[in-house]
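So, here's a batch of structures to check.
What follows is a pair of complexes built around chain A, which joins chain B in one and chain C in the other.
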Partner chain A sequence: MNALSLHRPHRLLPLLLLVLCCVFPSLAEAARISELTDTGMLTRAVRFFTFQDPSLRYALAGSMLLGVCCGLMGAFLVVRKLALMGDALSHAVLPGVALGYLWNLTKDPLAIFIGATLAGLLGAATVQLIRSTTRHREDAALGFVLASFFGVGICLFTMIQNLPGGNKSGLDQMMFGQAAALGRGDVILLACVTFLAVIAVLLFYKEYLLTSFDPGFARSIRLPVPFFHYSLMLLLAFAIVASLQAVGVVLVSAMLVIPASAAYLLTDRFARMLLLSALFGLCTGAIGAFFSFVGRSLPTGPFMVLAAAVVFALALFFGPRYGILPRWWRQRSRSARIQRENTLKAIYHVLEKDDFRREAVTFKELAAHRRETLEEARQQIARVADVELVTVQGDVIAFTPDGWQRACEIVRNHRLWELYLTHAARIAPDHVHEDAEMIEHVLGEDTVRKLERRLNYARRDPHGKLIPGLEDIRQGPLGPAIPPGGPTVPPTA
Partner chain B sequence: MSSLVPSFDWQQVFLQPWSDAPAFSCWIVLMGFLATAACGLVGNYLLLRRMALVGDAISHSILPGLIAAFLLFRTSNTWTMFFGAFAAGLVTVALISFIQRHSRIKPDAAICIAFTTLFALGVVMLSQLEGRGSFHLDAECVLYGEIAIIPLEIPVTLGGFTLGPPSVIRMGIVLLGIVAAIAFFYKELLITSFDPGLARSMGMRTGLWHYGLMSVLALVIVSSFEAVGAILAVAMLIVPPMFAAQLSDRLPARLGLTVLHAALSAIIGYHLSVWLSCSAAGAMVVAGAALFALVWGGTLLRQRLQRGTATPPSPDNFPEPSR
Partner chain C sequence: MTDTPSPPPLEVHDLTVAYHQKPVLYGVDVAVPPGSLVGIIGPNGAGKSTFIKAVMGLLPLSSGWVKLFGEPLSRGGHRVGYVPQRESVDWDFPVSVMDVVLMGRYGRLRLGQRPTRADREIARDCLDKVRMLPFANRQIGNLSGGQQQRVFLARALAQESDLYLMDEPFVGVDAATEAAIIALLRELKERGRTLLVVHHDLTSARDYFDHLMLLNMRLVAFGPTAEVFTPRLLQTTYGGRLSILTDVAQTLGSQP
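The block that comes next holds the complex of A and B.
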């Protein structure tokens, strides 16, 4: 896993820097506010980075552990399409929390932890049961568990309120979370859960990978798929229950899904996705703790989630492979290239109509051939002239050697494909043009060589036109101006 | 434990609420029924479209909507709040479809990302406002609802007649509107839900119907959340249609069963809450879930019995292929 992560560190570095950049503007802001209102935010920021306060140490360690733990579990949820399982389970643990409190009417963390974990597992089992015994879909099953367990929890909590000596027992804390209130016990609990998750993932990485991506195959090689599913659900319940105190019911599902989704947008390798997801969780946890500390009373959880959302938005827009902007850019440059190639092809056709007796065409001829206005023709040619595929002198357009070669290649691709479709796929000659129009721009040299061999180096396409070969490309538009003497061309059929 | 669950007294649980304070009980049960029925009717279509959890997303994004509306207009009257929450619901839907369309994120993760981010924004804004003390929004009310204070609202009067608490009147109007909309657009909703491809080929604009349904969804959630809270509204969206789907395959029957389930869960839930002295909305959800569990157990039992008595297949009595 380590080797994989170090494979291309340059991809991770800018992202990390961007995440850190989110921290520094806030520092500047803090400095300004401290000048105005004397709240001492700068000193607080300094104290944050020197780790003087013990409560801060707990909050920071807790948030970062939580990020790692949720990030790891979330990666599995996202690839298993169970993202809302986190949401359902985090709501479903509520009755367990209430029952754990009822155990001896104190906030005994261990009792609450056990009760909540049991409730979470019961919820996961109910989802599975509804899916296997009714026709309801996954979403309905998850929604049912989420809402009905939560309803039971609400009833229990309102009943506890009526008990003598019963109070809300931090129900609000469970809903919204407060990392600043994390104690030593909570952090140790989180550390244990994170350690357990890391160990389980490292030990059974291959099995979890297989059962997540191809459960059918996993069953066929006799892996106990339900065991791995429920062990994952158990770890998930652990992670949720341990995180509730810090981020609350609603936002724990965010910490599960958002870092993992951001990682999913950046890589195709699961090991790398796990690492990235844990890393994002770690960073966003630290950022959340920072904001919450510097801003005094600000809640930690929401800032963690917002930081994670920023990371996700960056991945969504700028991710190198699946980001919206890079994809848009690639698409734009591809369509610009296709337009250029179509223009070159049009010039070739005009020259061909005249049997290549001339070397140049006029704008008027080109516009007439493509059935467009003179203005449009000028624009198209200007775009091609920009990349020096043609030269324009006054009113005439001539190919440069590069332009001639590209034009020949496109026409050759088009006609070869048409011939291939009529010969090999037995499609009528009047049905092949549209298909060839599209494929001519994407055929590679290797495929062209294969097609040529397959078609016995034919010289005529189904419509009787010449398929330009290597020789024609070398000779230029005016026929054998260059005397043949270069490399021999394959014999024509 | 004995103090947690009071002893069950038939008279106290079933008769006293209606004899001591009939108006009080009546408004609570009516509100529960109206909210559950309105949510459940819309939920039927959500279930068919496999979008049950979009309701969850919208109900969570109500919180930021309310706060943003307050920040923008600086008033907390009902209509401003209403439109803020409604707009937040639509923003959530738009965000979900944006993420889904422009990336390879799966729909479930897109839902989760959209609503949790908005919710986090809401909590941050809320903490800012509370710090200044200018605005008090009861977060508990948003999450669990306060159906018990509805009978205490100042009733609406129209032409000298006292009609009832404004929340109940609003909810009733919303329910009537939904029933009318379903009756009027029955065919269109049916086709776009079951076979979007056919609907498109017939020239229907499925995207428009999608957003129409989402607006209605936001409307019912917003109008019922003050009674039952945001999260329990999800239960009312999902549980009644699941109950109905367990009993029937036909959409008209399902719609009817949804309304029946709403009435049953409101009445049973109310009595449950009187007995256990717990949150009425929570008890209604528990009652609804119990009704579903009952029907679910019933179908399982029937399947088991049928399998037990089934004769081995022979050419003479070949079992009908299960669908």
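The block that comes next holds the complex of A and C.
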């Protein structure tokens, strides 16, 4: 875990610069994708990977840049529990987009950018106003702003469609995104916004981290908390607005939330989460652009979001620490281990009943001891024999050296714990068995040493049974290692 | 001690704080002598946390002023260490114990400046003092309540301040940790630091603190524990809460 050592985010700088370097050459002069001649899907895929089309470079560069800046901003939204804020802001910008178009009736990226940013900030201010003047909480305010601003935006869009030439405005692409329609201006805008976001995060990582984690403490050390909050919200608005053309109003919030949420499932360090989130955004942006290009004029947004959702699902199921499958697997192997250990313990008990005069037990004895059927006993033993803790010859089961050691340890843990509970915690001897049944499997060697010391290396448990010590483990095993027929040494010796 | 020429670490005059026009604290006057370990006690809703937050400059004052080391709030802030309530942060936040303790050093760094090796050393020492060094790389959510409280304490220690304000540092802490924390607070006091601690347990308050501040929306009393911890003043502070009073009256009565 420490090998990566991304605690200090300035180590991310080279990586991020590399990403930007990959993206910038594609800003070469290019024709629009729409001017391309029709070709087959496979040919288009080949052309995608050979980067022959300059227009494709715009689409790809734009989508990747958008992934990086949305990923970075989204990470802050997720850890600040503001995921819905991204959604509300992205819908709130719609009227601004329409007004930006109406400004001079062209799709001028700058005019649209300014209009959308203003509308987004107005939306954020409205949320703040509702929160501070009414008893509504943030969720209601966000819901209101999202829907009403979006409604206004739709009305304005319909109006524009009905204007002469309005149906060729290309504004409809703003709804679901069309990376193929990204122009030089759009990509430059995205590059600027991404650059700004990366620089802000690198420069003020420490401040953004603290104001996100513990704003109260941040204010107590005189950090300008509102400045960092609003600068983040402004960068967020920039990221949303710059991404509109590629991913669309409806789904841009997904690009904010999903890569960041996937990253959150994979790491416990914020710097690493930022990096992963940006990386996921970059990849899903590229994938979205690819499908949009190959499938011709398909909307880009949905494909990007689908790709992001796949990444999230992978993190959810296979994430090493919090993933569902690894957790399930750990749980399963733990319970399998506990079962094996219980079987070993049962063999030990059977041998103990006979004062260790024998070295092997039969299935019948074991089944009788555990009150199981013969079949069940065979199954249990097979599992233990699989990992070579016992050997089976015909009807007889004997410990291997490892098996003997593990059995001794489990019995020792059990009895030590019982003794500890009765002595130190003053619990009645007939109440401690159940607890010890669980604890015996999880006691580490350190704890065992401590327990032994605490109990003065006692040899008998509360029920008068012997607690096997290191000596017994060393003297063991009573299994095949000892010549058959010879009398086995009781571990008490 | 109050006659020392140097200004008191904390002086508050006519401090009044209101939430939504509803006053929570009225006209508090206090001058805390340097090197004292002050317990702030009072019933629920008495404004104990509000007092701490107002002094830290986290809440707007309706009237009055706060002086830290003789300077107004806006300038003396960096000399104050703060331990907020444990519930004030999201413990699922992706940061490690070490990250959080390092935040104690941020107040001494310029904007955009990264913690240095020396800062890391100090953070390490502070973690060691609260016996949390083995957990330095853990995510903060994987800690018990007492351990989380000790992380916050280590962060405050890393601030190397002269005045500490602590909001309920003993909540959710087991007895052994509580004893360890109080030993640490006493050690800080021995080294001349001034500490104000919001505390909710009356019975232990007398043993822990050398000064007490009795609050119930206004300042009932402030002074050395021996002078202030009297049935009459406690009665005034806790009003009708007879159950607590009888408890304490009993402990008072059982004293030789």
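The criterion applied here is as follows: the second predicted complex is superposed on the first by the 369 of 493 C-alpha atoms of A that agree within 3 Å, B and C clash if a C-alpha of one lies under 4 Å from a C-alpha of the other, contacts with A are read in each partner's own complex, and residues count from 1 in each chain.
What we mean here is this: contacts are C-beta pairs under 8 Å (C-beta built on N, C-alpha and C of every residue); 3 or more make two chains touch, one makes a residue touch a chain.
Keep in mind it's a predicted model, so treat the numbers as computed, not measured.
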Which superposed partner A:368 touches (first chain B, second chain C, both, neither): neither
First, second, both or neither for A:204, with chain B first and chain C second: second
Which of chain B and chain C A:223 touches, first, second, both or neither: second
Partner chain(s) touched by A:125 [first = chain B, second = chain C, both, neither]: neither
First (chain B), second (chain C), both or neither touched by A:270: second
Contacts of A:81 with chain B and chain C, given as first, second, both or neither: both
Touching partner for A:325 - first (chain B), second (chain C), both, neither: neither
Partner with the higher number of touched chain A residues, chain C or chain B: B
Which superposed partner A:213 touches (first chain B, second chain C, both, neither): second
Chain C-contacting residues of chain A that also contact chain B: 81, 264
Residues of chain C touching chain A in the complex: 53, 56-58, 74, 77-78, 80, 82, 84, 88-90, 93-96, 98-100, 103, 106-107, 109, 111-115, 137, 139, 155, 159
Residues of chain B that touch chain A when the two form their complex: 1, 3-5, 47, 50-53, 55-56, 60, 99, 102-106, 108-109, 111-113, 116-117, 119-121, 123-124, 127, 131, 139-140, 143-144, 231-232, 234-239, 241-242, 245-246, 273, 276-279, 281-286, 288-289, 292, 296, 299-300
Chain B contact footprint on chain A (complex, rising order): 78, 81-84, 86-87, 91, 102, 130, 133-137, 139-140, 142-144, 146-148, 150-160, 162-164, 172, 175-176, 250-251, 253-254, 257-258, 260-261, 264-265, 297-299, 301-303, 305-306, 309, 312, 316, 322, 324
Chain A to chain C touching residues, read off their complex: 1-2, 7-8, 10, 79, 81, 203-204, 206-207, 209-210, 212-214, 216-223, 264, 267-270, 272-273
